[in-house]
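Step one of this worksheet: look at the structure below.
Read from first to last, the chains carry the letters A, B and C; within each, the first residue is number 1.
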Amino acid sequence: MSTIEARLSDMGIVIPEPAAPVASYIGHVVHNGLVTVSGQLPLADGALTQTGLLGAGVSIEEGAAAAKVCAINILAQIKVACDGDLERIVRCIRLGGFVASTPDFTDHPKVINGASDFMGEVLAERGAHARAAVGVAALPLNASVEVEATFAIK
Amino acid sequence: MSTIEARLSDMGIVIPEPAAPVASYIGHVVHNGLVTVSGQLPLADGALTQTGLLGAGVSIEEGAAAAKVCAINILAQIKVACDGDLERIVRCIRLGGFVASTPDFTDHPKVINGASDFMGEVLAERGAHARAAVGVAALPLNASVEVEATFAIK
Amino acid sequence: MSTIEARLSDMGIVIPEPAAPVASYIGHVVHNGLVTVSGQLPLADGALTQTGLLGAGVSIEEGAAAAKVCAINILAQIKVACDGDLERIVRCIRLGGFVASTPDFTDHPKVINGASDFMGEVLAERGAHARAAVGVAALPLNASVEVEATFAIK
């Protein structure tokens, strides 16, 4: 078992088949060794694990858990891009984190940490990434979090 | 007539001269075969085709039509980047779609499909892209939609 | 003194040590000659220079000043990526500007111009960039502006 797969196994994480896009685009594009991953929602088994706005009923912990699900779905896309071999990951370059929030919510970093921490745990030094985290008015399907990503693979 | 130009002609679409940026930046940057296109508004003949928030008076259909106008303006930038020859397009890699929306609007994918579907129709397999679609509080000039893009060209 | 450093000196700008990320990610990633810079807040000496929403008490001028501080912090990251030599900058490729705003605010370009104009002044032709500027519901720590960036360096 590869290093990354072993860590996922230790964490009890099963990388799912990637979720189908909810619209007319594709889940990721590979070009010149870079994988651009579409914005992933906190979908598990076809249903959103978390809906609603941070600052209006959704806690930071619930938001961070949703961000982790988004990150798992990002890895699902990357796994396909790597033909199943996650060791082909060179680097997680960037995560773009969107948090559905009220205007008075200000803890977006703690929410997106759910995705960032996961990348660090699974990918170790290959998981250290640049990031933007912002609070948006609303997200598709009333999801609480959406995360997009750019990875380098070999 | 090239394939892409022929499709545009069949669709009755005229690619305009690119809209001038509304601020101190430029419409696109070409670097190492990648074109990064600035966020495009639904401008046609110098005026916005759609203003206002989705969820507050602007319908999904109107939003999708505005997204299509943004996509046409993206192609206008790409055409300049390709010195007029759209056949130099290798791939639409990513669209970033911002929908001005109320907090209770959740159909952002259907709005940004106006841009994604257009890319698929015009560019065929070269138009299959990664995407993020989010709902923002407001957009420049009260535009209903803004779309940015990354393309690979040769 | 290099050209860019001379311009900064003329402008009375001191590039600070980069601000530490407020969460579990890093300030920038260098890969294949591209620097992806994390979203920068208007932090100076460890404190935000501007908080609150545009359209609810924060003026365009205050927002633009905050965007300039974000841009200075972007250059701080780039300086580290360039081992201290800003002349290694090839191009500012893209700025992504997020303005915390009310739904009725529409002057986001004027706010983000605070960052774009700064890049143009300091980097001259190397500062001409693609850009997206949008109005988000809220930003980390109640910051008024956040700006992320992509640069090419040699």
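Simple rule for what comes next: a residue touches a chain if its C-beta (ideal position, glycine included) is under 8 Å from a C-beta of that chain, and two chains touch if they have at least 3 such contacts.
Predicted model only: the values in this text are computed from it and were never measured.
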### Query
How much rotation, in degrees rounded to the nearest 5, is required to superimpose chain A onto chain B on the basis of Cα coordinates?
120
### Task
List the interface residue numbers of chain A and of chain C, divide the shared ones by all numbers used, and answer same when the ratio is over half, different when under half.
different
### Summary
Averaging C-alpha coordinates per chain, one finds the centres of chain A and chain C separated by a number of Å equal to 25
### Task
List, in ascending order, every residue of chain A touching at least 2 other chains.
100, 102-103, 136-137
### Task
Using the touch rule from the top, collect the residues of chain C that touch chain A in their complex.
21-29, 31-32, 36-39, 53, 96, 98, 100, 102-103, 136-142, 146, 148
### chain A contact footprint on chain B (complex, rising order)
33, 55, 90-91, 93-95, 100-110, 112-113, 116-117, 120, 128-137, 150, 152
